[in-house]
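This is the structure, below, for whatever I ask next.
Every chain is named by a letter (A, B, C and D) in the order it is written, and numbering of its residues begins at 1.
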Amino acid sequence: MIIVMKTEATESQVMAIQKHIRELGFKDHLIRGVERNVVAVLGAVYPELLDEFSVLDGVDSAVRISKPFKLASREVKEEDTIVKVGPLEIGNGRLVVMAGPCSVDTEENVMVAARAVKAAGAHMLRGGAFKPRTSPYAFRGHGEKGLKILAAARAETGLPIVTEVMDARDVDLVARYADVLQIGSRNMQNFSLLDEVGKAQKPVLLKRGMWATIEEWLLAAEYILSHGNRDVILCERGIRSHETATRFTFDITAIPLVKRLSHLPIIADPSHATGKWYLVPPIALAAVAAGVDGIIIEVHPNPDHALSDGAQSLTPANFEKLMGQVRTLAEAVGRPVAPPIEQPAKKAVKKAS
Amino acid sequence: MIIVMKTEATESQVMAIQKHIRELGFKDHLIRGVERNVVAVLGAVYPELLDEFSVLDGVDSAVRISKPFKLASREVKEEDTIVKVGPLEIGNGRLVVMAGPCSVDTEENVMVAARAVKAAGAHMLRGGAFKPRTSPYAFRGHGEKGLKILAAARAETGLPIVTEVMDARDVDLVARYADVLQIGSRNMQNFSLLDEVGKAQKPVLLKRGMWATIEEWLLAAEYILSHGNRDVILCERGIRSHETATRFTFDITAIPLVKRLSHLPIIADPSHATGKWYLVPPIALAAVAAGVDGIIIEVHPNPDHALSDGAQSLTPANFEKLMGQVRTLAEAVGRPVAPPIEQPAKKAVKKAS
Amino acid sequence: MIIVMKTEATESQVMAIQKHIRELGFKDHLIRGVERNVVAVLGAVYPELLDEFSVLDGVDSAVRISKPFKLASREVKEEDTIVKVGPLEIGNGRLVVMAGPCSVDTEENVMVAARAVKAAGAHMLRGGAFKPRTSPYAFRGHGEKGLKILAAARAETGLPIVTEVMDARDVDLVARYADVLQIGSRNMQNFSLLDEVGKAQKPVLLKRGMWATIEEWLLAAEYILSHGNRDVILCERGIRSHETATRFTFDITAIPLVKRLSHLPIIADPSHATGKWYLVPPIALAAVAAGVDGIIIEVHPNPDHALSDGAQSLTPANFEKLMGQVRTLAEAVGRPVAPPIEQPAKKAVKKAS
Amino acid sequence: MIIVMKTEATESQVMAIQKHIRELGFKDHLIRGVERNVVAVLGAVYPELLDEFSVLDGVDSAVRISKPFKLASREVKEEDTIVKVGPLEIGNGRLVVMAGPCSVDTEENVMVAARAVKAAGAHMLRGGAFKPRTSPYAFRGHGEKGLKILAAARAETGLPIVTEVMDARDVDLVARYADVLQIGSRNMQNFSLLDEVGKAQKPVLLKRGMWATIEEWLLAAEYILSHGNRDVILCERGIRSHETATRFTFDITAIPLVKRLSHLPIIADPSHATGKWYLVPPIALAAVAAGVDGIIIEVHPNPDHALSDGAQSLTPANFEKLMGQVRTLAEAVGRPVAPPIEQPAKKAVKKAS
C-alpha cells in the first residue's frame, strides 16, 4: 500500500503516519517527491487499511498495490485449474457445452430437452429447481421434485447436472442430486451461501454479480476456495449498464482478463445476458472466440410455453444449428469441443436384458 | 400490456397473437395504427409475459403498462405507512436518527458510542454483529456475542436496536435481540432471506441493492409484505455507477420518487454511500431536504481503530455537530426531528435502589 | 507515479524500468517490498505515462499519485473563486438562482417567464437559443433571433443571461448577447469548443458530461482555465446509471466533493437531471443543503405547450413556491439567497419620461 | 404512443387527454382495461411528446411504441447498406480491417506502420491528426501536417485513410485528405459536427458515445443521413460501466442488435475499448464471431514510444499474428476477410522510370 501525502502536509503529519504504520505492525518507507511525499507500507496489508489511512490528517489518498485475492490468483498458482465433473474436464483446453431449460417444469419437457441437447452434443444438463425471481408472484421452482426430474434425466442420458442452490439450508439437499452447484448472480455476495458451498464436496459454478467488478467476483471465488473447495468455475452472465436494449451488458472482455488474473476456468451464459433468443448464438460464438472454457445455453422444447425465460430459450432445432457453428468456430480457434458424453452403462445393460 | 406489431406483420400474425392472448385467459383488444397495429392485453398480466410475447412472430416489442408491485404501491394504499419500533414511529412526518458503529467490536466502544449518540439526540442504535465483507479475510462480526452487547447498550440507553441479518438460519436468533432486522444491500435479492424476515414479527430495514432499480427494490419489499409483515422501512445507500471518486453514487432522486410510488417510509444511509466521513454531513442534510423519514449514520468513538469502515465513521463530536445542523434543517423543511427517547425505567429503578 | 512490479519480475526487468524512467527525464526510486518491488517515478509525470508503463515487461500495474488537473485544483489555489456576472457574484457564500424556459420559443413566453422568475427572486435568466436535440427531427432553437429575445428580456428585467453555445463558430455571436456562456453536457469534451470559450471574455457555465467522472469534468474546466479564462462555474446535472425511472441520476455527492477538490463555484440543475417537474423541488432543496453556490431551474408559463422539455418545467406558481422553500432552507444552512437584482436604470428613465 | 392513465383517473381527466391529443392533430383511441384506462395516440408522434403527456393530470405514464429513427432503420430499408471507399466495400459480407497508429507522430513511424499493416493484409490506414485528449496538457495532434503524412502513406501503399475530425470548421480540410471521416466517441452528440459531415461527400465512421444507448447512436447516424449522406459506418468502441479493470466495457451484444435494427455496416474498435494491447486480439476475434463488417486496430512500430495510447497498440509482429487468427476465424464464420488492396499504379510507373 502507498500513502500519498497532501502537497501541504507537514513533517509532523508524515511522521504521525509513519508511527501509525509501525504501530499496526507494518514497515514504512518514506519517498520524498518533488511535489509531495509518499509513504509505502510494507507487509501483509488488508483491503480495509486503504480507507482507514485515506482519512488521516495530511493524507491525500491511499493506493493499494497488490491484489486482494490470493488463492484465486494466477500469481499464486500459475497453471490452469481443471475441474472434473464425472467423466468431464472443464478448463483443459476443450470447450464444454451445458444446456437445458431455464426452470424444470414437467418431467416430459426436461426429458425431451435432455435428449435433444445430448443428441446435439451438449456435455451437461442445466435446469433450475430453485429459481430466483424478481417478483414474489412468479413461478419459483419445484424444489426437490425438480431435482429428482433432473436426476432421472441424468440417469437416462449420462449428462452431469448443474443446478442452482439459493439457500445455505439447501446445500446438502442440492448436493445429493447435482454434479455442480450453481450460485446465481444475485447471490454472488451471499456470503453465508458461499461459505456453505465452500464446505461442500461438489464443484461450484459461480456466476458474476450483475453489479460486481472482476475483483469482487474473484474475491467471492476466494470465499469458496478458502474453505478448501478448489473446484470453482466462473461464469460471466452480463452486468448492469445504462443500455436498456438488452437485459444486461455481456462483458466479453472479462473473459481474457479473468484468464490472465486467475487460473480458474470461465464459461459464458449468453442466454441470461441478452434475454432474447436471437442474440444468444452470436454472443455464444463471440465468447468462444474470446477464449471461454465452456458455454451454458437455455434450450426448451417449447419456449413459448416455458414457465420462465422462454424469451431467451433456443428451440432444440436452433440449438443444434448453434452447436454446428460452435464446433466449426471452436476448431478454428484451437479449442475444439470436448468429446461427447457416453451413454450410461446401466442403460446398455437394460437393453441387453 | 401492449403488444406492438412490426410494420410488416401480416394479418395472420396479428390473429395468432390475439389467439395466444385468449388461450392464456386474457382479453385482447386490437388497435389499428397508421404505421403498425397494436394489441392490448387486458387482465392480470404478470411481468414474465413481456419477454415471452416480445419474441413471437410479427411482434416488434411488448410494453408493460402497470407496475409489477401491488402491496408496496401507493395506488393500492394511499396513506403513508407508519412503522412502530417500541416508543418510536417511523414515517409519521418527524425525522428519526439511527446511529452507532459499523460493526460491534468491544462492549466498551459500543457503550461509549451508544451513550454519545443518545446524548446527541439519536433515536436508535445501529451496529453490525454479522458483517458482509467483500474479502473472506476481513473481520466478519462477533455474531451472538455482538447481539448481546447491543442489547446491553439498549438496556442502558433505551435506544431500540437495528442490526443486520445475513442468513435465513439466523433470523430467529437476530429477532430475539433486535428491534429492527436489517437486510443489507448485497442481500436485497436473497429471496430466501426475504421470505424468512417476511414471516418474522419484527420491522425490516431493507437496503437498496447497489445494482437495483427502484422497481426491483419495491418488488423486494413486496416479498416481505406478501408474507404478512407490513413493517418495511426502505433505505437508500447508493448505487453503482461509473464514478469511482465515491464508493457509491447516492441516488438522491430515489427519495421523492419512492415517496410518490410507495407508502413505505424511506431513510438514507450516507455513510456507506460515500465511504468518507467528511462527505457524510452534506449528504445527510441533502437527504433530509429531499424528504426522508430518517437517516442512519456511522459513529465510532475512535474511527482510526475501528474494525471496519473507520473511514466513513463520524467521531461523537462530529456527530453532535451534525445533529445540530440536522435539527435546524429539519425544522426549516417542516419535518422536525422526533422527540428524544426516554431513559429506560429500569435504569431509574436501579438508581433509586 | 508508482510502478508496481509483478511478484515474479526479474532483477533485469526492474533495472530496465529504472533505465526507461531515467531516459524519459524522470528520477526513479526503488522500494523493495516483501512480495514485490515498487518503483516510484519522481518529476512532472503526465497521465499517459500510466498506461504506457503498465504494459512493459515485468510490470503488474502503474498507479498515479497526483491529480491531473492543476489550475482547477484547490491544492494550487486554496481560496474560493468568485465569478462576477454584472452585479452578481457566484461563489461568495450566497445562493444564486437562475431560471427560465428550456428553449426560447416566443418573445411573449420568454417575457412572461422572465418577469415571473424575477418577481419570485431569481438572479439570472436562462433559456436556449441553440438546443442540442437527440433527434434531428426535434426543434433545435431559434438561433440569433432567440438571443435577441433573451437580450430584450434582460433589458427589461435587469437579469443577466446564461445561454448555451454548441458550436465553436458561434462563440463570438453568443458572447455578444450572453452574460454567461453555457457548455452543455454532451459538449463537455468537445475540446474545440472548450478552447474557444477559454479565449472568450465571458464566464462559462460548464455542465458535467453524463458519462464523465469528476476528474474528467475538472480536466474539462482545466481546458478553459488554461486559455486564461478563470471564470468557470461547474454545473452538476446528473449522470447515466442503470436506473431508468429518472432521466439521469443526480450525483449529489459530487457537490461536496468538488468543493473539496476545486476552488471553482458549483451549481445544480435538477430540471434536466430528473426530467419530471415534480422531482425538481426536492432535488433543488437537496442540492442547497449539500452546499451548492446556485441552482438553475426550468420555468415556463405554459409547460404543456413548451417547444422542449415541458415535462420538467415548473409553472411560475410552482417556481414561486419553490423559491419560498429555498429561501427558508438556504437561511437555515447559512448560505442565504443573494439579494435581488435591481431593475435597470434605463427602464426607470423610460418610466420617468 | 400509449398513454397509461392512473387507476384513480377520472372520466374528465381521460376526456381532457383525448381532447389534447386531437388538438395536437393526432387521433386518439381509448382502451378500457380492468384496472385502468389506456389512450393510444395514432399518427406521426415525436419523441418529446412522451415526457409532455407523462406529466398531465391523471396520467401514470406515456410509452413510445415506435422507434424514433427512420432512415437508419431496417424497417424503412431492409437490405444492407454497402459503403464504398475507393476500391473497398464495407458491409458486403466480407471483413474489412483498418489499422495504424493512434496518432500520427513522425512520417517515418507512419510509413513503417502503413507498410507493415498493408503487408499483413489490412485494407485501410487509420491515424489521428487531430486528437481528442482528456487533459489540455497532452499531445493533441499535428493537424494538417498529420493529414499530409497520411496522404503520403496512402500514395505509397494504396490504403484509403480514415481519420478523425473534431471541429465543424475542419470538415472541409479533413475531407480534402481523408477517405473516411471519423467522428469520435466524445463527439457522437456534437450536433453541429454531425450536420457538417452530413453535408460532406465522404463516408463517415461514427463511433458510439461511451454514454450512449444504441437508440441514441442510431439517432446520431440519423442526423448524418438526414442531410443526404447515406454512407455511415457505425463503430462500437465500448461504453462506461462500473467495471474499472478495463478502460471501457466493450458492448459485444450491440453488434447483432444493431444488425437487426439497422441496415448500416458496423465495425469494432477493440483497442480503445480495452486500453491494453493484450486484450485486443481476443476482443477483435469475438467481434468477428459476433458478426461485424470490420475491425479497426491500433498498430505502432514502437508502442513504448508512441505519442498517445502506446499501451493499447499492437506491434507489427503482433498485428500480423492477429491477422492470421482473424483470417481463419472469419473463414470459419462465413465472412471471409476482403481481398487485399492493390498497390497504386502510380507507384509502379515510378519504379519503371
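Here, a contact is a pair of C-beta atoms (placed from the backbone, for glycine too) under 8 Å apart; a residue touches a chain by one contact, two chains touch by 3 or more.
In this text the structure is predicted, and so the values were computed from the model without any measurement.
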Taking shared numbers over all numbers used, above half giving same and below half different, the chain A and chain D interface sides are same
Need the CA-centroid distance for the pair chain A / chain B, whole Å please. 28
Rounded Å distance between chain B and chain C, as computed from the means of their C-alpha atoms: 31
Would you pick out the residues of chain D that each touch at least 2 other chains? 211, 240-242, 244, 278
Chain adjacency by touch: line, ring, star, complete or other shape? complete
Show which residues of chain D lie in contact with chain B when the two form their complex. 2, 4, 6-8, 29, 31, 33-36, 38, 40, 42-44, 60-61, 63, 65-66, 75, 240-242, 244
List of chain C residues in touch with chain D within their complex: 20, 46-48, 51-52, 54-56, 68-69, 132-140, 166-169, 186-187, 189-192, 209-211, 216, 219, 222-223, 226, 240, 275-278, 303-304, 306, 308-312
List the residues on chain B that touch chain C in their complex, please. 211, 213-215, 239-246, 249-257, 260, 273-274, 278-279, 282-283, 285-291, 325, 328-329, 331-333
